[in-house]
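When the chains are written out, they are named A, B, C, D, E and F in that same order, and each has its own residue count from 1.
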Amino acid sequence: MRIQLINPNTCQGMTDKIASSAVAVALPDSEIIARSPAHGPESIECAFDEAIAATALLDVIAEGEAQGVDAHIIACFGDPSIDAARELANAPVIGIAGAAFQMASLISHRFGVVTTMSRTLPAAHHLLERYGYAHLCSGVRATDIAVLSLEHIEHSVYQQLLRECHAAIEQDGAEAIVLGCAGMSDLATELSIELNVPVIDGVTAAVKLAESLNHLNLTTSKSGQYASPLSKKFIGRYAHFSR
Amino acid sequence: MRIQLINPNTCQGMTDKIASSAVAVALPDSEIIARSPAHGPESIECAFDEAIAATALLDVIAEGEAQGVDAHIIACFGDPSIDAARELANAPVIGIAGAAFQMASLISHRFGVVTTMSRTLPAAHHLLERYGYAHLCSGVRATDIAVLSLEHIEHSVYQQLLRECHAAIEQDGAEAIVLGCAGMSDLATELSIELNVPVIDGVTAAVKLAESLNHLNLTTSKSGQYASPLSKKFIGRYAHFSR
Amino acid sequence: MRIQLINPNTCQGMTDKIASSAVAVALPDSEIIARSPAHGPESIECAFDEAIAATALLDVIAEGEAQGVDAHIIACFGDPSIDAARELANAPVIGIAGAAFQMASLISHRFGVVTTMSRTLPAAHHLLERYGYAHLCSGVRATDIAVLSLEHIEHSVYQQLLRECHAAIEQDGAEAIVLGCAGMSDLATELSIELNVPVIDGVTAAVKLAESLNHLNLTTSKSGQYASPLSKKFIGRYAHFSR
Amino acid sequence: MRIQLINPNTCQGMTDKIASSAVAVALPDSEIIARSPAHGPESIECAFDEAIAATALLDVIAEGEAQGVDAHIIACFGDPSIDAARELANAPVIGIAGAAFQMASLISHRFGVVTTMSRTLPAAHHLLERYGYAHLCSGVRATDIAVLSLEHIEHSVYQQLLRECHAAIEQDGAEAIVLGCAGMSDLATELSIELNVPVIDGVTAAVKLAESLNHLNLTTSKSGQYASPLSKKFIGRYAHFSR
Amino acid sequence: MRIQLINPNTCQGMTDKIASSAVAVALPDSEIIARSPAHGPESIECAFDEAIAATALLDVIAEGEAQGVDAHIIACFGDPSIDAARELANAPVIGIAGAAFQMASLISHRFGVVTTMSRTLPAAHHLLERYGYAHLCSGVRATDIAVLSLEHIEHSVYQQLLRECHAAIEQDGAEAIVLGCAGMSDLATELSIELNVPVIDGVTAAVKLAESLNHLNLTTSKSGQYASPLSKKFIGRYAHFSR
Amino acid sequence: MRIQLINPNTCQGMTDKIASSAVAVALPDSEIIARSPAHGPESIECAFDEAIAATALLDVIAEGEAQGVDAHIIACFGDPSIDAARELANAPVIGIAGAAFQMASLISHRFGVVTTMSRTLPAAHHLLERYGYAHLCSGVRATDIAVLSLEHIEHSVYQQLLRECHAAIEQDGAEAIVLGCAGMSDLATELSIELNVPVIDGVTAAVKLAESLNHLNLTTSKSGQYASPLSKKFIGRYAHFSR
């Protein structure tokens, strides 16, 4: 199967990193096609960034659909544009936050989330509510690490992350840790060994769910909320969406 | 004061209609500046339309800010992009759905919402949850009237709307009706007389709330969630947002 | 329009203070008629006080109705008797707690409430639940300032209030402050400057909402929950309510 | 022990009826002192009636306290003034709605409530939320029987009640029925036989809970929310509450 | 009446202790039949222990039913197997956690729970949700006292318990304390005197509720969720349940 | 990897059926070991059946652990004993209800559940709450098909099932269907074609999740709620659990 892995940020370093994480867990016959949009912010760290990125991401979804990919993964912890993407695509669309919550709930009673900037906390809480995992989350902690500094992680940044993971476990009662940014995907194994609890990265979790849906012959229901968008006129820089 | 009234759809007819509704209730010294974006769908009827419109709307917010308007109103019942707009703007930003719910809750124990397409129902329910009004809403009813057919309302369309309002009152126990589309703003008075319950239009409600905040010297808190977006690089068609 | 502003406490000093706050924000053609009941406690600081005050307040509502006022404001943060008042009155009835929550939710993601006695905390939480704002509130903090000491505010009392506001912002993450007592209405501007976040007073907020409803031609729905009370016999000191 | 059984309505017929129901289930050494207030509405059927009755009821609580009763029962399904009464009294105060919900939850998975006027439905729902039983209730049904017509129940009124009980069981899935008015207390046995499910009357349930608390040496905690009201000045017709 | 009081643990010391607590509050004509199962763990301290104990407990329910007891009490704070027991029995079945929550809610606005092992906290929270008392609970505190060490309580164990009760009152705002283990039933009086707030033990609370249901002629509804189990074949060590 | 697939019912026909469904979707190197307990009811259709089956199931978990399996699947829609099993096992434990809800939420906005007996409805609702999917479920419908009649499905039984699926889609707005019994696992494909919406079977969903966890190197967190049970004495028929 072919899985389109989308980094909604426009920084190439992040795209390369998540592609590598995804390939490491994919089945031999799963092809990972990693892409980032041609338009938008280099990193997503607030509602404004997310709103802009959300639109450009839909161009990538459309591109993947045109190529007939079998699944799309939105590899940004806010799962931006996921409803719009599910409307646009025939292939299933998986967000990495939702994927990580699902895996975490299978192996712990309460999981903690450790994420980047404090400003993204409301977005994380919103996702926990939306997907129904708020009562299974022991807390969301921000590290105030900038997303771009995760492209190449320095020692001090790693220590900062480690500190909040420890606090999640010892103060909040987290039994497992969900990493709250695609840019942390290469740290899951190392952190898990150091912390002695399961550490879940959403990128790899999403790859396995994409493969699972494929093997189960399940794809987005097009009756109801995720039916294709109605044909209509779009103007200006979105005229290509007119149908 | 100057109030920027934004129709996130790109259809001019709707913009003219809501401008006229807004002017009718505005105080003498409130100037209404009605605008619609230069890019995007002619109407918003699903999550895909909304995601595209949300971005273009932020250009209009930026334009209003540059001109120093005193408030922004997002005149689409989904209150699209409201968090991003509040980050971007210094002036307060009011969504018409939120405004209508507020007014409805002051004059009824349970209000009903009558909206356009069935597909927008989840968005309406999401807003009721987000703003905290779900328990005060007797139900949301779709008319399956297309947004564009509200530019010039035919008799049959009006009858369809009336029918769902009656059902909201008689079957669901609505004590007041919230109109679920900016395009219905010119119908509130007529419907209220016919139905004999208060009928609330969000466009006019938002104008009064904008004036109220102005008189109270209240504007968006820039400490916390609605702080200005971090400066960063945007590429492609959003390069103008780079700072 | 004529707005009846009711102080449900029987202390005249408080009535004078809130009248002055209300007049300061009212439109030129809004007449403020400030009243307090002829019966009841000099201040409301627990459920017992509130139950007693609630009844006497209804006499004032009836008086205002007889005079044909266009709106009633219940200027006590517990919004006492609001359902009963809405049944009794034809003019809309606005509580200052509800009004303050509405304004706060338009300009912040999370607001804090700073109130008087610790014992009133459950009442504040109940109102947040009732109106649907609990999830938008970062916390309610008591100052243990007695209501009557707000008639003429001493320096130490102001400092105590300021301390809890700071705690709400710094410890609870409040992005705006709602003042939890009508007796604090003259402090909003001063506190806002000192705290550098918006500070919302319910008395002035309610005045603007009363004017807004009036301009929108909206008044309490009399079909359903807020229909007029059934005619029946009352005995003893409430015989005047018999119809 | 001595149990003060308060009918907050001023109709003597109802007081006599509930006294008789209470005596029938009381232990031999439990003395039932049935009282109704000297002031207020002859029946409670909306928020306005309840607000007025709530105050007069506190006089009766005070009277019982002066006589040293061991428990108070508020025998009106809205449990009016219960928080204020718990503050005022040293003896425990039990409301019949709360008592009925407790018993119903011990013997069924989902219980239905059958009550009087449609307008009292929001009050019933509010109580279910307040006490935490909303998720255990299959629905609340109004019969639109006036409270006073329950003093002497005619055949047609009984049939109406029976019809809604059947609907609660067959349409809503109720496994037990809670009677939503003190005036129905003499019908529990007859209805239970006819319906073949348990039928719970709050008056008798409250008597047993009052005795239970007494045998367990439990009485209202006076630390915290139910501490005695602060001493203060009351004026006018409530001057007797000044301390 | 005859009340079967079941200790689901297999330790006889606990059975003797709760029998003595129950007898102390029972009416003269209430016979307490205390039993523990012939199979299972000596104490219940995690989900595994509870699952095993739950089954053996059903044998005891069956035994009591065969003898025609009038009520069953499950005297373990997790209220294990209560739904299954209600299906199996004709007599009502009362759990001590549910019973304690009911009594606590009658005499306090917020009660705290003080229990044994930290691992049982999720079970306590689950019960609070299930019965609807979560919003009335100020917090659940574990003492990490092993259940078996409650058979004969040493001074240091009592001090540990006292410490957490104080913390519940002073830090969490508990107005009353619910003891979270049947093995603490003999401490309620002593603790109540020392703490100066009501202390509720579920064993004695359940006895009074059992008597109350009996006097009210109320027993488990057998229509719906608690209907008798369908006849079917059981094999192996549960073959005796075949019908 | 080796996956122990447990049918908690004692009917061999069901075990064979689910083994065959599991094998059909398993990866080539996943070995499916299907087992049913040596003790307990031939089918699980109420809380009593489930309580009995829950215990015997733990023997099977212990057996699988002794053999070093890599995952356990509890193949009964109530996910019986899942917490106890997670404590007992080192390998992850997956319930088929939870697994089905996860897959359904990835491909639909609202899914419906179609299950067996009406009495199991509360158990299904409880699981939806526990896992956090209640708001994503359009409704649970019972077919009143006995579990054992699913071993060999007759035409009339299939029609009954089809009828409720249609009702879930057309009346409740389900966009996908979750099959509420392991015994329906062989019908998913056929029903999906007939209904034209995705149909999710929990047995196959659980197999894919078990493989996913394995590839991600994730297993149950043993710190916190799912730590191994404390060593203690068990008597009678559970003496083998003593440690």
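FYI, a residue touches a chain if its C-beta (ideal position, glycine included) is under 8 Å from a C-beta of that chain, and two chains touch if they have at least 3 such contacts.
Composition by chain, UniProt nomenclature: A, B, C, D, E, F = Hydantoin racemase.
These numbers were taken from a predicted model, which means no experiment stands behind them.
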Common touching chains of chain F (Hydantoin racemase) and chain D (Hydantoin racemase): E
Listed chain pair A-B, B-C or C-D that repeats interface A-F [over half of contact pairs the same by residue number]: B-C
Whole-Å gap separating chain B (Hydantoin racemase) and chain F (Hydantoin racemase), where each centre is the average of the chain's CA atoms: 45
Centre-to-centre distance between chain E (Hydantoin racemase) and chain B (Hydantoin racemase) (centres being mean Cα positions), rounded to whole Å: 53
Centroid spacing, where centroids are CA-atom means, of chain E (Hydantoin racemase) and chain F (Hydantoin racemase) in whole angstrom: 30
Touching two or more other chains - residues of chain E (Hydantoin racemase): 83, 109, 122, 225
Pairwise touch network: line, ring, star, complete, or other: ring
Going round from chain A (Hydantoin racemase), first to chain B (Hydantoin racemase): chain order: A, B, C, D, E, F
Chain F (Hydantoin racemase) partner contacts - residues on chain E (Hydantoin racemase) that touch it in the complex: 10, 37-43, 45-52, 54-56, 58, 81, 83-84, 86-88, 119, 122, 225, 227, 229-230, 232-238, 241
Contact set on chain D (Hydantoin racemase) toward chain E (Hydantoin racemase) in their complex: 25, 27, 83, 92, 94, 98, 102-103, 105-110, 131-136, 169, 173, 175-176, 189, 192, 196-198, 200, 204-205, 208-209, 211-213, 215-221, 223-226
